[in-house]
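As written, the chain order gives the labels A, B, C and D, with residue 1 at the start of each chain.
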Amino acid sequence: MAQFDLITEKMLRSMAGRTSRRSIIGMLGSMLAGASSLPLLPVGHANAAEAKSTDGPPDPNSGETAPQSTGNPQDPGDPTKCDYWRYCAIDGSLCACYGGTKTSCPPGTEMSPITWIGTCRNPADSRNYIVSYNDCCGGLPWGRCACQNNQGDRPVVRPQNNNEVTWCFGVQSQSYTCTVSIILGVAIDQK
Amino acid sequence: MNKAIGCAACASLLAGFSTFVMGADFPNPLPPEAIPRVETLPAKYPTGWAFLNYAGDRIELRNVGSDSREVKGQLQAHDSATILISDQRPELYVADTVWSRGTRGTRTDFITIYDKQTFNVVDEIVLPGTKRALITAMEGLTTFTDEQRMELVFNFTPASSVTVVDLVNRKVLGDVEIPGCSLVYPSGKRGFSTLCQSGTLLSIRLDEKGAVAGRSESKAFNPLDTDPLFTASALIGGIRYFPSLHGRIQPIDMRTEDVKVLPDWPLVSAADASGNWRPSGWQILASDEQKLLYVLMQADAHEGTHKDPANEVWVYNVASKARLKRLRLVRPGSSISLTHTADPLLLVQAGERLDVYQASDGSLVRSLDLPGFHTRMQIDPAR
Amino acid sequence: MAQFDLITEKMLRSMAGRTSRRSIIGMLGSMLAGASSLPLLPVGHANAAEAKSTDGPPDPNSGETAPQSTGNPQDPGDPTKCDYWRYCAIDGSLCACYGGTKTSCPPGTEMSPITWIGTCRNPADSRNYIVSYNDCCGGLPWGRCACQNNQGDRPVVRPQNNNEVTWCFGVQSQSYTCTVSIILGVAIDQK
Amino acid sequence: MNKAIGCAACASLLAGFSTFVMGADFPNPLPPEAIPRVETLPAKYPTGWAFLNYAGDRIELRNVGSDSREVKGQLQAHDSATILISDQRPELYVADTVWSRGTRGTRTDFITIYDKQTFNVVDEIVLPGTKRALITAMEGLTTFTDEQRMELVFNFTPASSVTVVDLVNRKVLGDVEIPGCSLVYPSGKRGFSTLCQSGTLLSIRLDEKGAVAGRSESKAFNPLDTDPLFTASALIGGIRYFPSLHGRIQPIDMRTEDVKVLPDWPLVSAADASGNWRPSGWQILASDEQKLLYVLMQADAHEGTHKDPANEVWVYNVASKARLKRLRLVRPGSSISLTHTADPLLLVQAGERLDVYQASDGSLVRSLDLPGFHTRMQIDPAR
């Protein structure tokens, strides 16, 4: 584990440090090569197509949060819904429902630089993407937009592939608030 | 195992197929995404935003003015927490109480100072004596005075007092005993008034050090035995309007130290008397920039219904004391507020919904969910 | 208020001290005489008759807590339901749903000796009873059996008749858990 | 006002009437009631009681063995809290984590010692280093060893270690580093085993001071890449049984320091292979006094379904490795446990329900509500 953590940590630290993404993907690639726990099958429940449209005003009396969209046809789906494709391995609350976005933390929270990794298939371009699930920490959690997707999740014996761990390390408070999903690149064996 | 091999097989098949698809629609993959980012908020919040205080357990900043209906951010709260929103400084002030072991251990009362844009904690002011009133979050537990330089915190142990806090220098200035009186409403340039069990209003003038500089008590005007005033009020042109349980409205002029209790008048005309209409709910009334008064009204009211959700909102011109409109709600509401704009939105908490109406014509614009909400709400639209 | 609190406090302290109930009721009587905020009308919504029976086993798949009963025909109703007659002025959670009973606190909590007072009509004997609503403190609150009954509740300007105040005084933790209802006696003007 | 008079009138009328009624049915009023009382629990809990751990946020002691379906009491919990129930001492041990300001401020990890009968806090042991693993409450985060004289707490920072706590003298004895390994399972007289990323099992023997007295590592047997073991297990006659994601069962003999990894065997026979049955859920298996093994099984399982609720419980004789029964659940369940009696009840957490079945024939006895529950449950029946 120590070794894997070193890689994960170094990778995300360096990412935070704006260094070459290539090298990161490279590192990941080698790491992933060793971990065939990453599924190459389409993510059945991540069929984001329906959850997409924002055309027309929502029913004024619906009580629902209006459908959101990424605005990018190659990144289809609603970032406030569990079935958005890149959430295929999120077990937790979606930051997009707490004042953050699919990739950013809500105001007043802190994003953990250490995290765990999943692979999700993008239904639009049929590519498998390596996704970093970063927890936002120190805010107020209360179960809004709670998702339980476990694509590629593995028992905690391999923590970097486990979504039950509170990934709030290297931050002021280790109290979990919500989770974002950041695309790191395409799974190496698909390039 | 067999299964794993099976997967590998279909995976490679898929790979072959998907290569073709990729080429066709999206030649390039999505790029790697930005480094970790935390959202920030505008220095001046849009008027369509409002703070929703979930009974002092949780405070949510919500975009109620757009169909996106987004949550913009949240502030933690623990026990009877109340929020004050400054328009003098880029700060928010949350008075709260925690215990060192959750619901037991050492108690700490404190004011957290948040940055309005980042929601980061700027500072904290600990309130001495663990005496802050633990009462369902509502008006009168805390207030600004001295043009937001001071915050006043109502204490109840069950003895009553008020803690005076200097928000500029972030320190506690002292306490003012107010035996037999409850809650704080700003009055004069620097001071407050409080409702007393004797039916009077006690008004305290403070000096710049937060010490008592003057004290005056009104004649008894609040008939607690027969028709007491609610403690919720609406401010119109410096005059504070309190409804009574049976439907009077009591104006009090708190603009100067010389606080004046003005003549009361009935919300319900003789013509409507048969309907047994009374004010009822939690945050029971509101006012807008047009100096109109909005009151939650409940038909067939009787003993014990004064906190029930109400079916209608009645709109008054306080100058003419005339009712201008009756707005029927799509579902009974408990707390109301108005956005601070020329053409305001009427916000109505109704069970697990926040219904947003056009105040002008009472039409429902949208309805937001309040998941898991089962207590009382205090609504604070952005200024 | 100071005066009222003195009475309330002294009364309940002395009650806790097992002194004569008569004197307590007497004190209350005089106190209540001064406070006509106590309703003498029947409690419409406290019609406990239906909520009573425990005959027959509940539906095994109901998911409901089985109906409870006081076992006393003169004290009809289900102490785990908001419409039990003596809860006519409870705004809070019922201790009977947390491991306590209608008159006792759940294990691990502490009952506040200082409290507020209501009057509820018993549909069985048509008497109005003076009920002390004592908060249990320092435990775990989470909204099970939350009731909002406001018979006789008054704005906090008269705190001893207000049910929004956390009545956790003279106890180790002032954190609210739930509320019990203890009969102190019959309203004086009904004896 | 008029209304008030009206009331007074009808009140006196009623008074007249009710006097008659009283006389008729109940000549005497209900007596004043007992002085303030707090409930206590029996020294030995009935076998029909169980602790329900709501993902470490809240712990509830519930009577699941009777149609009263009562909540008997609750213990507060904050973050990934786990409970150990002693049958050597009248105590409960809850390992928990709090922050001085709710979700921020100074972090404290601690074990609260509760009296089993009063639920009062007897004592508290603070765990140093703020390193306790914050992982959804589950088996392996804490365990007894040395006949309940010691508690072991798994730490994750993300470096792995185990804190050894003396529960008798209520003090921390020290830490054991377990790099690359996770969770703690009691093994031998005084020690533990832990699952390592290399696929091995590391076993640590402790001396009476909690220091490492011996250390042995198994050969690699846990294929993390292809078919890893779940971390949930069931204990039968000192042998611990771990299911794998694809449906093997792996027995490990942890009775002595000389821990033995025994041959695995399949839960799914060739005949059933087509159904793609796999273990799935959270607290995924249980055992009873008859040495039967109960496993939550899910049809049409595939990648990512290993924590989904399962439709059936399959019952095995671990001696013969034969499946004895298939129990169909009235609704898919995520966590199961068995009461500790000759004729046990099968407890199944299924969404916001706790379904109680007769283990012998799989008939539903009752179903309890779990209001507001939306995460994962750990069930601990009373012993």
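In the analysis below, contacts are C-beta pairs under 8 Å (C-beta built on N, C-alpha and C of every residue); 3 or more make two chains touch, one makes a residue touch a chain.
Predicted model only: the values in this text are computed from it and were never measured.
Trainee: Which chains are in contact with both chain B and chain C?
Mentor: Of all the chains present, those in contact with both chain B and chain C are D.
Trainee: Sort the other chains by how far their Cα centres are from that of chain A and give me the top one.
Mentor: The chain farthest from chain A, judged by C-alpha centres, is C.
Trainee: Quick check: how many Å separate the C-alpha centres of chain A and chain C?
Mentor: Centre-to-centre distance between chain A and chain C: 50 Å.
Trainee: So how far apart, in whole Å, are chain A and chain B when each is placed at the average of its C-alpha atoms?
Mentor: Comparing mean C-alpha positions, chain B is 35 Å from chain A.
Trainee: How many angstrom lie between the CA centroids of chain A and chain D, rounded to a whole number?
Mentor: The separation of the two C-alpha centroids amounts to 29 Å.
Trainee: Show the residues in chain D shared as contacts by 2 or more other chains, in ascending order.
Mentor: Correct list: 7, 76, 102-104, 121, 226, 303, 372.
Trainee: Multi-chain contacts only, two chains or more: what residues does chain C have there?
Mentor: Residues 39, 41, 139-140, 143 of chain C each touch two or more of the other chains.
Trainee: Chain pairs in touch?
Mentor: A-B, A-D, B-C, B-D, C-D
Trainee: Using the touch definition from the top, list the residues of chain C that touch chain B in their complex.
Mentor: Where chain C meets chain B, its residues are 1-5, 9, 35-37, 39, 41, 43-45, 88-89, 91, 114, 138-141, 143, 146, 148-159, 162, 164-166, 168-169, 172-177.
Trainee: For a test of understanding, state which residues of chain C touch chain D in their complex under the given definition.
Mentor: Going by the criterion above, the answer is residues 15-16, 18, 21, 24-25, 39-42, 57-58, 60-66, 68, 72, 74-75, 97-101, 103-111, 113, 122, 124-127, 129, 134, 136, 139-140, 142-144, 182-186, 190.
Trainee: Which of the residues in chain B come into contact with chain A in the complex?
Mentor: 7-8, 10-11, 14-15, 17-18, 21-22, 25-26, 29-41, 58, 61, 67-76, 114, 117-121, 330, 352-353, 364-369, 371-372
Trainee: Along chain B, where are the residues that touch chain C in the complex?
Mentor: Residue list for chain B touching chain C: 79-80, 97, 99, 102-105, 107, 130, 133-136, 138, 156-160, 179-183, 195-197, 222, 224-226, 228-231, 245, 302-308, 374-376.
Trainee: Name, in rising order, each residue of chain D that touches chain B in their complex.
Mentor: Contact set of chain D toward chain B: 1, 3-4, 7, 76, 78, 98, 100-104, 108, 110, 112, 121, 124, 226-227, 246, 276, 303, 372.
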